[in-house]
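Letters A, B, C, D and E mark the chains as written, and numbering starts fresh at 1 in each.
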Amino acid sequence: MMFFLKLIQSIGVGALSISVGLLFMGIGRKITARIHRRYGPPAIQNFIDVFKLFSKNSISHGFAYDLGIIAGTSALLAAVVFLPVGQINLFPANSSLIMILYLMTMAYLGMAMGVSSSGNPNATIGISRALTMMMGYKVPFAAVIFSVYIFARTGSLTNIIAAQSGGLLNWNMIRLPFGFIAAEIALQGMLGEKPFDMAIAPAEIASGPMVEMSGKYLGFGMLQHAVGIFLETGIMVNLFMGGAPNVWIFVIKQFELFFIALLVNAILPRFRVEEGVSFMWKIPLLLGVIQALIVVL
Amino acid sequence: MNSNLIWLVFTPLIGSAIAAILYNYKFLDRLITFSTFAITLFLVFGTHVGQTYSMNLNFMGRMIPLSWNVTHLSIFMLYISIVFGTILTFYSLMDRSRMKGFLLLLILAANNWIFTTNDMVGFFFAWELMGWASIVSVLGGRKERKSRHAALYYALMSIGGSYSMFFGLFTLWRLTGSFSISSNLAYLSSIVGVHPWWVLGIVSLFFVTFMIKAGIFPFHTWVPMAYAYAPDTFTPFLSAVMSKYGIYGMLLFLPISLMEKGMPTVFGLPWVNYIFVWIGVITAVLGTVLAFFQDDVKKLFAYSSLSNLGYIVAAISLFTSVGVTAGIYHAFNHLLFKGALFITLAAVISRSGTSKLSEMGGLWKKMPVTFFTFFIGIASAAGIPPFNGFGSKWLIYQSMIKQHLLFATILLFLASTGAFLYLFKAFHSIFLGQLSHNYDNVKEVPVIGQIVEYLLMFAMIFFGIQPGYILRPVGLIVKSVGLNPLAVMGNGYVTGMFSNVDMPLIGWSLAISFVFGFILFFISAKHKYVSQEDNYTAGQIPQDWGLTPETYQFSWKFYEPMEKLFAPFYRIKIDGFFRGLGDWTRITGSAVKQVFVGNAQIYTLFAVVGLIILVIAGWVA
Amino acid sequence: MMQEFLQNYVYLIGSMSLIGIGLYITLTDENIFKIIVGLNIIESGTNLFMVAIAWYPKAVMPIYTLTNKLSINGKVIAADPLPQSLVLTAIVIGLGTTALALTIGIKIFEKYGTLDVRKIKEAGR
Amino acid sequence: MSIFNNAALLIGVPLLFAFSIPLFGLISKQLTKWVTLLTISFNATFSLYILLAHKYPSIVVMGNWLPPFGENLYIGPVAALLVSLISVMGLLIAIYNLWSIKKGDVTRFSVLFLMFTAGASGMVLTGDIFNLFIFMEITGISSFALAAYGPEKRALGGAFKFLVVSSIGSTLYLLGVTLIYTQLGTLNIAEIAARINQTTPGLLTFAGVLIVSGLAVEAELFPFNGWVPDTYTGAINGVSAALSGIGAVSGVYALFRIAMTVFGKDGTYVSSYGNLNFMAVIAVLATATVVIGELSALTQKNVKKMLAYSSMAQMGLVAVGLSIGNELGVYGGIFQLVNHSIAKTMMFLILGVLVASGVGENIDDFRGLWKRSPFLSLAFSVGAFSMLGFPLFGGFWSKFAIVGASIQRGGWYDFIIGLVLFASIVEAFYYLRIVGYMFSSDSKFPKLKTPWTPTIPIFILAVSIIAIGVFPQIVGTFSAQAASEFTHKMSGYVLNVIPTIAAH
Amino acid sequence: MSEWKELADYFRGRSMWMLHYCTGCGAIELPPTMTSRWDMERFGVVPMATPRQADILLITGYLSIKSLKRVVYTYEQMSAPKWVLGFGSCTINGGIYWDSYSVIKRLDKYIPVDLYIAGCMPRPEAILDSFVKLRELIKKGEAKGYEKYVKNFEWYKANQDKVFRRTTPVLKKPEEVTKSA
């Protein structure tokens, strides 16, 4: 009984993450359009896109391709159930942040495996860039999360949230400002927004990993991105903004973070890969290290 | 009854003699190797903790007591090494590479001896035996010249290491008059407060040996060469089992805690331990960074082994309960996944005939079972949760964080992220991408190989989801070295300090979300399978363009941006130090041999000068 | 005084000089046969030294006859006979060595075409 | 049958047959080799009988003159072990010679070989320092001639260098003996050893320096070992084997008999009558020998030359072991002497077979030898592994003991053994390089046809290396007794020879 | 089932991802169409990088025979509900290239065109108008070019082969080339 309850709740969280993610993407397009002085598509445009993609015929390069792309979405969905979302915290004893991060790696691995098995070098180059960039943003992010670990004396997201309870001034965002800025820049890379979107550069490598994806495969890709946005901003909310009392506030907090990322995305051009990585290893890492020193000493 | 400890050593020796006699009958040789491993495994079932045995060896005209003592650690190491060896030799039944069965059995004998002995004479004997047997085993790789060079390099490092241990054990003998490991360790513990520097010196003599065997940072240079150019079916053993001897040795000596004994501490750690943590971290990062750019797949995974051993060393050097648990647990995990990876590599290399990443590609269509084994292997190696590599990495981070070793942890995290990069590079370049027409006739490995691969897949998933089966014995080991073991809540839990990870839960979560993924996949519109030629080529028609699968495969300079980033670090060559030492020795040698000029008069002159010097010495004295 | 010194040490000095001369020849002369001669001179020096230690001033020959008393009042006055017999052996051995050396020298001249000891080298060390 | 208890037969029989061999040579030249073989096999049987039936310690007196007045042979544990070693090596080399010496002056070779064995046995057995000189000269002269044997030009050059250096050496030795005689009026080793403290320290030091220098020529210690590479390289392989397996053994024995028994203090590590500690001197010389020998061998392309330098270095290692002076060190040194003798003899014999089959002496010619002649390459590797001290091979135990002893001794021996171990790493490099070359498969040459006669000694030697490696007691028991003889001067040697003598 | 189809068609009409094959001068009209002035994204039209992802193929002008080959290949690589928009007169009758030996005159003979946009070149307003028209056609289920292509595959192939044959070189051997030069 408990099992089914949890199962249904998990499905609910998964659906929530997908819809919030897609909505964010749509709103993001709208906002970007407004920044560009355009009108922009409707906010639900991405729902339309996803539905269209799933209704469209597609080509595949074999079972590794299918499996990889399914894994990309599924693993993220599997990770999202461990994320405390507002009052919904399905597995409070199991919300270790590192575990969630590593589970997300499964999604990257699946995605990378799928698109690379298509045999298109553009896809592989895209993956190579994405992974290189991952190396870039994971390091400052690690600096930040380990600082938070030491600061909060816990590694579980549930407990980190609990440690921040009691108002705005207890938020890690205020208490660990350098870490927050570093993590915010890392989040930009994690979301794959400009200036760190070299992995999917359409003009250079024909949209990179997505080059061979058609129809439902692209749909899975969009879902993965949606869940990814939800998960990554959700982690940030839990780490720095003290979680949320309920889902709506949680989503609003997520949107705040996403909004910053969007603004940056809308006005900046793209880095080259090594520039991106070295940027990540200069400013955010420096901030993260300063934060770490403050925490440790 | 207790004499079965002796038979643990003698059975492989006898098997080795038989295998050496039957060396020319390849299959029989392999069969005997396998069955000896199986028999030894059977013998291990009969051993239990606390079993001791001793006998006297007549040596130097006096009786040297040889003693055996089975501890929790030794029985754990025995099980994992022999089970893996059995699987490997079963796999090698069908293999055609030039692995020498009798040498593997000699190593097995040494293996059993090292893990059960309680006297340093036996330890040293077995260590040397293992050393030379592995050196000769490395010799038979696919590339003659390179494997010869690798074996030579390995031999020199290894011999240097064993001489260092030679020194150490005799120094201990001079101090205590005993060869017994346990009493010597007790002696060292007792004097550590009085003469910490002495203890440090003696222990470091041993640690140099262990570091060389495990391939830890300043002594890592032999690892990539030896791993890469050893016979393909020997490399799994080299990486999975033999690197653990060093770890075992370190675990023997680590309980001599320098804590509370007046040594200065850093972050609550004795500074020696702190240095070792950093050595481990440097090894981990170095292995990762160097692994990015390898084109030889075995070399790549050799660096990966290096990196993982760095993790282990960093964890066990902390010598906290979490650290030691994590280290031993990671040693087991590394044995499992790296063994599986090297076995699949052996399969791939034997089928494709190359170990160059830039020459392979697209093999997943031809070797699906191998592909899945490799996939699960790299997922484990990257530490992805439901598979077996995660728990130990997670514990390692926790143990480091607990000591507030923040920068070390960040670097370890960097190494782990980097691990994902190079693992994916290997994965892509071997199995994904375009299948060259050279490999049109490549087949899946034979049934024996497939059985082994299924077994390893199962093991990696099983021990990932049920870590309790490993953590319980590890807990006993941790208890036996005098630390508090971590609580094991259930078979499915990895219990950390702050929270625990419920592995079956992750498994369920993944499984259910996969089910949903597949449902979505199958209810949505149809897909059709196309060939690899039908690919986006920016409108160009591949046939007109002269496009071949090889030219449309991206595996050369996979992480080129990284190369630019890491370029400054490439100028630092540790290897260069040893090579420089070698060159210096060679130059000195050529200079020294000029002494023998080949002229009778000069020789006479030498004699006369020598005489005069001696006379003067006598006069002065 | 001088005479006494000479009496006591003349053989010793002689033998040492012979050894020195022999060594000098051996070390400096490039001719193989001269080197062999040098070796022979060293040997003679050694033999002289051995004989010399057996003798001391006013010693009698070590052969017991009625007139030749070997000891007076329990004090031995005869020369020591043993070194002399040793010298005989040494001379024989030296002869053998010299003969062999000369043979080898001749063979060397045949094969190498030179007697210069500096040219008898193996190529490369 | 008391005549067969007389160890003088070990010298007498070979000498007798040596001089009667020209008579056999009149019948057939090939017969002389068989006579040599039979004679040495008598020696081997007899010496092994002495060794295994534990017929020692005993003395053999000449003409019923008891020591110190008569000349005597002393068969202690050391002598029994080493004379067995010499005889057995001689026997095996003689078997090899049956095949290898075909052309040229077979008769004279046989004469010289027998003389050589007899001389070496005599050096080990004798109890008189002047007789030691005589046997040294017999060994020397026969080995000069043996070294000059053969068609090659370089043999003559090598032999001449040996001759010159060795003559100087024996002269020095003789001077030293004379000086001791002036002091003590005796030539008997046991008596000198017992009365050594009655001498003038200055003169004794001088005599000791002369004797040590003279014997160091035979024992191949630097700087008295200039002849080694040239002579070993020049001589035919059978002779090189004999030089390293027999000649060097007796040389080292003589050196340490003088340094330990004569100059040594009972039961201590030092030999310090006189001003100079000769054991320390020898230790320094031996270390220099090891280091220089190994470094010189490192860059050799010619395998034979490499083996020559390696011989030198190994003798240095033996001397290091013996010069440590404690029981463990002497044990290790003698054990190492046995191991080195076996392994190096075997390697030279293998080289001889290979050269005769047209393989060549250069290291490049060894490529792919595994495919061409598995037996020889395996045996060579066994020898190399024994040299390097790998476990399951004989060399492990001796190296183990030497290192253990020097660390037990401590002090500056730690430093010496560090240098020695460094040199061992260098040695590992060049031996393993050859092994690696042999096991590579890039050879286009056909299989070798190995004649069976020379494979007998090679096989026996290879098996004995492994046997010693697995059961070190085979040699260990004897070398432990030998160690006790060497380290206990009075009870081990002097009192056995002259029971009535008073301890000083 | 038909309701699903209608729903799908409705969404397809509102999310048209285009691949612009920029051969002719029409390409220059697309950037203003995409950017702030006209903003085609409000119709759900987004430029895509590869044919795999795209729904509509924009042929923006004349096609030489050589580029036709690529267009056909690209068109065949697109996934099933796919539409072709011909830009300007060049795709209708050859336009100013009506007498060129190397440019095809009627695109319709080679791949099925769902909608032509008149003009030389059509302005962004016309392009946007065409998107709206295409959306209506799709919603009505009348834009079925891709099915036509499958149904009349032989005919299309025969037409394509006829022109592709002309791409083979007239001068077969290199000697002839040098002679004529």
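We take it that contacts are C-beta pairs under 8 Å (C-beta built on N, C-alpha and C of every residue); 3 or more make two chains touch, one makes a residue touch a chain.
Since we're looking at a predicted model, the values are computed, not measured.
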Count how many hops through touching chains it takes, at the least, to reach subunit E starting from subunit D.
-> 2
Among the remaining chains, which ones contact both subunit B and subunit C?
-> D
Quick one: name the chains whose C-beta contact count is the highest of any pair.
-> A-B
Judged by C-alpha centres, the chain sitting nearest the middle of the protein is B
In terms of CA centroid distance, which chain is the most far removed from subunit E?
-> C
Interchain centroid distance [CA atoms averaged], subunit A/subunit C, Å = 100
Per the C-alpha means, the centres of subunit B and subunit D lie apart by a whole-Å value of 44
Averaging C-alpha coordinates per chain, one finds the centres of subunit C and subunit E separated by a number of Å equal to 116
When the C-alpha atoms of subunit C and subunit D are each averaged to a single point, how far apart are the two points in Å?
-> 29
Per-residue multi-chain contacts in subunit B, two or more chains = 534, 536, 593, 596, 598-601, 604, 608
For subunit A, residues that touch 2 or more chains besides their own | 55-59, 206, 211-212, 215
On subunit D, where are the residues touching two or more other chains?
-> 157, 160-161, 164, 168, 229-230, 296
Here the pairs of chains that touch are A-B, A-E, B-C, B-D, B-E, C-D
Residues of subunit B touching subunit C in their complex?
-> 593-594, 596-601, 604-605, 608
Interface residues, subunit A side, partner subunit E - complex = 29, 33, 36-42, 45, 48-49, 51-52, 55-59, 202-203, 206-207, 210-215, 218
Subunit B residues within the subunit E interface of the complex = 534, 536, 539-541, 544
Counting only contacts in the complex, subunit C reaches subunit B at residues 23, 26-28, 30, 35, 117-118, 120-122, 125
Which bits of subunit E are touching subunit A when the two form their complex?
-> 4, 7-8, 11-12, 14-15, 17, 35-36, 39, 41-44, 47-50, 52-53, 55, 78-81
